Amino acid sequence: MSKTITIDPITRLEGHGKIDIFLDDKGDVEKALFQVPELRGFERFVEGRPAEEMPQITSRICGVCPTAHHMASVKALDALFGVVPTPAARAVRETFYNLFMFEDHLLHFFFLGGPDFIVGPDAPKGARNILGVIDKVGVETGKQVIAIRKRCRNLMSEIGGKPIHPVLGLPGGVAKQVTPEMRATLRTFAADAVNFALFTVKAFNDLVLANKAYVDLILSDVYYLDTHYMGMVDKAGKVSLYDGDICVVDPAGKEVDRFAPAQYASVIAEHVEPWTYIKFPYLRKIGWKGFVTGKDSGIYRVAPIARLNAANGMATPKAQAEYERLYATVGTRPIHNTLAMHWARLVEVLFAAERLVELAACEELTSPDIRNMDLKTPREGVGIVEAPRGTLIHHYQSDANGLISRANLVVATVGNSAAISMSIDRAARKLIKGGTVNDGLLNMVEMAFRAYDPCLSCATHNLPGKMPLSVRLRNREGAVTQTIVRTCNGEAQVIQSSVSSPHVSGGSHG
Amino acid sequence: MAGKPKIALYWCASCGGCEETVVDLDERILDVVAAVDIVFWPCAMDFKYSDVEAMADKSIAVSFINGAIRTTEQEHVAKLLRRKSGLVVAFGDCAWMGGIPALANLSNRREIFDRAYGPGPTTVNPEGVMPQPGGMLDGRTATLPAMYDTVLRLSDVIEVDYFLPGCPPTSDLVAGAVTAILTGALPAKGSVLASDKSLCTTCDRNASKPDSLTVDSFRRVTQVAVDPTKCLLAQGVVCMGPATRDGCGFPCVKGNMPCTGCFGPVSGADQGARMVAALGGILDTSNAATREALAGIPDPAGSFYRYGMSASLLGSKRKEAGA
Amino acid sequence: MAAFEPTIIAFVCNWCSYAGADSAGGQRLEYPASVKLVRVMCSGRVDPQFVMQAFRDGADGVMVLGCHPGDCHYRNGNIKALRRFELFATMLAQFGIDSKRFKLDWVSAGEAKRFAEVVTDMTNAVRGLGPLVLNGMVEREVA
Amino acid sequence: MTSASPKTVLFLCKCGTNIAEFVDLDEVAKTFAASGGAAVIESHELLCSPDGRKFVQDVVARNKPDCVVVAACSPKTHEKTFQDAAGAAGLNMGKVSMANIREQSAWVTSNKAEATAKAISLIRAAIRRTALNEELSRDSIECNTDVAVIGGGIAGIEAALIAANAGRKVTIIERDISLGGEVIRTEEVAPTMECAPCLLAPRLSAVRDHPNIRVIANAEVTDVLGFFGNFTVKVARKARYIKDSCIGCEACFEVCPVSVKNSFLLGMGEKKAVYTQFPGSVPAAAVIDREHCKHFTDGSCSACVEACPFQAINFDDTDESVEIAAGAVVMATGSGSVDSAALAGLGHGKLDNVYTMPEFERLASSNGFTGGTLTLKDGRIPTSAVVIHCAGSLCQGGLQYCSGICCTTAVKAGDLLRKKCPGVAVTNLHDRLVFPSPQAQAFYQEQAHHGTRFVRVGDLAGVSVVRDGNALKVTAPGMAPTTVDMVILSTGMRPSQSGAHLAQLLNLDVDQWGFPRADHSILHATGSTIDGVYLAGSCASPCDVTTAITRAQAAAGDVISRLAPGRKVELEPMPSVIDADLCGGCKLCIAVCPYKAITYDAEKHVSSINEAICRGCGTCAATCPGKAATAKHFTNQQIYAEIGGILNGRV
């Protein structure tokens, strides 16, 4: 058992998600890299596990959106065991899922993404966190946010055991029946949820859209990326989160593909790079053309704005109205402005709340017929849901005993990995000239990054607060010339490095 | 703000659920924020090693570290935090005993890479490119931390003062731990900050379990319409409650699903050994029927060490071979 | 480099198998010195955790020996052991431990010859497999 | 070992040349002197010799060690020897262990180097584990020497008399109104054909007059609590309505206006509403049948009150529950007979003059309703009879085993018939014949000689009995149909209902046929699976009267030898224990305990072990998912220390 322990001083302080920027001799950006420095290997170690355990195992891929993985997994099991969930099961699952979407989107808006706009990009750094948000919107509102979220999580516990890593799903059904009492609670909650969603939209209006500077920022070409878009749609072509076909539109908004979950592999392919542990999905038909945008590049985007772009509207009235307002304001279709992601997210918050009202009214919800136990011999199954961060795909194969023999997971954030890299590269190129950088730049770059609400990033893990980030400027030889770090409490530090020292390095702690 | 104790929260190989459980403190988070100065990452420090060294040791009151140790970088940061912190708390199963990522210890790094980056339903990789430290892009070297072959617990690389069980720990447990730390009302160093009895002691279905329980065969949850009022084990469904630490409030059982053991074993116990011993003991069947009776447990290692492979006797790194 | 000689730990029940070993001694039946006995009152007392600990501490093979079914001094402890280790064997395989490295068998107080045979066979089988290396014991090589 | 470890004295026994010749004891001594594993190391020629024991005692007295390890022979041979020797110098038995370097090393390893190395690892293991041993004590508890006998048949009576004669206070609990069981209902006992009641009579009067025996008849056991040395037997006694002053003079029988079917005569005869089973029964007192007595039905009659010369009638008597404290319980509930459903094919219950063997016994019995004259239903004397073997045994719906004794009784039928009805022609239809003894075999040959015709029928299931005028036609494969007056079905023995009920109350394990299992089928066949509960008579398995009595004697003997007045019951020195602070109350240990020594406290949510019942097998400790159960002297830590000691250097 030979033993070589290497701790590379250069990687000493790396975090989850790192940006390397390479400069040319003039000090202009030649390339900016976004890296994910970790791999947990789920696809390998789920092999040999009983299929029915997958919803609980794979939810551990992400503790922020466990319900998305849980649900994609359960749907994959339905297919794997060739069983159709009972109407009651479907109603319970969709209720649970919309509770989750409502809560997760709100969390991002108020705790994570919100600070950029509600508090403001130029606000004192120390205030750029949930506490700052609370100062801005008032403690009462802050408490309301916390309260509505709490009620939402409690309902999820009632229905699915626990909100983080739920135990709800079984192939062909759910584990627990919804009682009339739970339904009553749901009914009141759903009504309040709709009002709270409207309140949030109003806050966004007053605090962001009313501010020209912000609107310009949103529309600025720094955050512009013309790519394909992917999202799930219902029969009518409206945005769907729990179930439906997947629709792909090109940068011009033209539908180029629409497929059922089982066909996903014929549409999506993934590319591997040696400098990051994350893979880069692209449209198989077009192929991998490198980190470029446009209709000739296979790179596509997912998540709220992509879903809206890929669909022809929202299935509920209030959400539809907000959807129309969004497109009217931006004025293009599809919307290529990355920062519009925040607004699109609110449209979906509204949609989720309205769906909850409908589901609370649906009779099946409390039926005792929660499981279809007529399971067939398992073989292969694909399950897809729209996670907060985009289209999420679980694909399993198993032996006849239902032990997983192969799993393929295309995780939502991964769907955006190429786009995130390009957004950062673009922001960096636009903003860094002649080797000069400043904290403003870092914040701008960070915003491009955080708009995607990427699971892997500190954005979802730095709670509350802001993303610490470092940018290392390297010369052609790759030696670090300068490192700028923006710390938790926001001060920027500039560290000059002697070119001769190749080991001096920086890292991002996100 | 200066007077308040500094608290750091760092994540290694984990899913973020442990951070979510902090948010689930709900209104209590405001009290916590009022009482402490939260330094979520030790990023106030400079990047040159010398500057890191310069930061006063033990200047962080307590570091909550979640996630398993899988890369050189995670081990490094863990060691750094250990030095800079008065207390280090392993927060959640991954840090305590490896957690779900440690299921990888049934396999190894090579197989994991082959599966993740080798040809698959969607992966197209004709040249067999593998991410690696020093991976190149357009002639430029990017830096990636290296992955270990074995998933480690936090306590495999640094000294840990306390452990918070759970995947994730419940927010009540977290609140209790924070209070205990702030008030200094802490048990012996090295303790798990939870009960040392098994889950059955509080589970409201234990009353329905017969005093002398024997099971003629174990069945998978897909094969049973679970009676929501009766002990799952008594229904032949493998519930890990008996071999699992109490303190979660049995949410899974309330969800009408069996306990999968995320609060880990009681002190000094190997969770898998305990389950094998207990289930084997109550299995009442003829020799001939034993295999079928056990067919309902097709994956004992994966099921009994779901959250604790790095703490298991057979699936963990040998202390003797420390790095 | 001397040929590999395995270390075998055998957990034996006080009433049958330990006595069987004694009679093997009484009859001067030679068997490999690599086999070491740990006495317990009943094979039903053998906790799987003992076996794991033995493997982890460096045993290359582990045996559990008890009274023949029906002869258990405590009625049915050996049957409990049988059920338990049936499940245990499945788990060992998952850890990549060859099934030949663990054996549950019955030896009565009178079966001196049989005792010598089973432990000798076990030793030979394990000698053929070489030293035990647990997957989890692989140290942290870096890619 | 660290310096903090306890002080250990290591004794090395040369065992003459037995060990010294094969194991290099000097090398061993050097090793442990060097490692500091033992503070004192002493060798001796033969430690188990009187001189050796003295040596051990002196060394221990001189050095006052915390632990002693004796490297010698098997602990099974001499552990107690050295525990006593060290004990004489004040060291607790738990702190003395042996390393078996003779049987496990010297005698089985020819290579001296290997033998020595193995001896060293065995000793190292012993030293490490002994360091962790806790003190042991041979606790004992006061116990009740009284005996409760359940069932007043000949087995129960025999057990009671033996125990009573040995000075124990005995209580016999009998379901019927008087003692006697099956034997009192029998005329003669095969193969010796002794008069059954005559066998019983002296014993009955002995019981009646015995100062140490109390009989509670007309009573049933409702519960049994406790453990060996301290049982409480709860009994429900039905009202008798007649005082003990009754001597059974039968004066009241004459005046009683009510007649009812007599179960003692299998309903073939009648009795009054006030009755005894038979003259001279024990207890002698009669009983009033509450169901039929006119005093209770319509209050119209109290004739017996006037008629009784002893003023023994007591209409105010009431049912009562009695608690009996006893150190041991002897179960002698006897056996039952095949239900007639399984005999329907043979005409039983449908045709006159078709009797099971027990019915035939009553018919032929002098205390039966004909006073012992054998007649047919219509009063004729039978001229011919067929005895069918294995009736209801080894057949569909019947017993799935051979009772082993019915062939003998079946042969007896012929003898009885010829004695009571001279000239009667008897034919036995049988398959394989089974006789438990040479005497029984001889009895069969003798009966064949006296004229019983034995016909082997390959397939007894093919035998049928049908009415033929006022006779019975018996057909069987391979035999010409024969017409006879009487058919007797030789039936086997099955667990009695009362026995099954009692087994449930006592938590006894029962086998697949419903008979209570023996503690050990060979070593302790009269012991049940609950310590202190014994099995006498045919309740344990089918047997003849001889065996029933022998079992009773064996059980009683064991009881009196263990329940000696003044002596305490010694408890297992190494019981398992449950730490209430760690027990999660999952109850899984309860299922694995072979002695049902563990009980769950629903209030406290913890389980606990009754040390008086526990025998220290440790299965609960191996099972406990919460690490709350521990096997004393074989704790996990001690075992791990032993493993570590053996594998030292490999880790």
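By letter and in written order, the chains are A, B, C and D; residue numbering begins at 1 in each of them.
By our rule, a contact is a pair of C-beta atoms (placed from the backbone, for glycine too) under 8 Å apart; a residue touches a chain by one contact, two chains touch by 3 or more.
It should be emphasised that the depicted structure is a prediction, and the values quoted were computed from it without experimental measurement.
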{"item": "Highest-count interface - the chain pair sharing the most C-beta contacts", "value": "A-B"}
{"item": "Per-chain Cα centre nearest the global Cα centre, belonging to chain", "value": "B"}
{"item": "From chain D, the most remote chain by mean C-alpha position", "value": "A"}
{"item": "Interchain centroid distance [CA atoms averaged], chain B/chain D, Å", "value": "53"}
{"item": "Inter-centroid spacing, chain B versus chain A (mean Cα positions, whole Å)", "value": "24"}
{"item": "Chain centre separation (chain B, chain C; CA means) in Å", "value": "32"}
{"item": "Sequence positions of chain C contacting 2 or more other chains", "value": "47, 49, 53, 80, 84, 94, 137-142"}
{"item": "Overlap residues in chain B, where contacts from two or more other chains coincide", "value": "72, 106, 113, 132-133, 146-147, 269, 274, 277, 281, 299, 302, 321, 323"}
{"item": "In chain A, residues with contacts to at least two other chains", "value": "1, 3, 5-6, 48"}
{"item": "Sites on chain B touched by chain D in the complex", "value": "196-201, 206-207, 209-214, 241-243, 246, 266-269, 274-275, 277-278, 281-282, 284, 320"}
{"item": "Complex interface listing, chain A residues touching chain B", "value": "1, 3, 5-16, 20, 22, 31, 33, 35, 37-41, 43-50, 52-53, 56-57, 60-64, 66, 81, 107, 111, 131, 143, 146-147, 149-150, 153, 157, 160-168, 170-171, 175-177, 264-265, 268-277, 279, 281, 284, 288, 371, 373, 375, 395, 401-403, 406, 408, 410, 455, 458, 460-465, 468, 470, 474, 478, 483, 485, 487-489, 493, 495, 504-507, 509-510"}
{"item": "Touching residues (chain side chain D, partner chain C) in the complex", "value": "74-77, 100, 102-105, 107-111, 114-115, 117-118, 121-122, 125, 509, 521, 529, 574, 592, 594, 615-619, 621-623, 631, 634, 636, 639-640, 642-644, 646-647, 650-651"}
{"item": "Of all residues in chain D, those that touch chain B in their complex", "value": "581-588, 590-592, 596, 599-600, 602, 605, 619, 622-628, 636, 651"}
{"item": "Residues of chain C that touch chain B when the two form their complex", "value": "47-49, 52-53, 55-56, 69, 80, 82-88, 90-92, 94-95, 97, 134-143"}
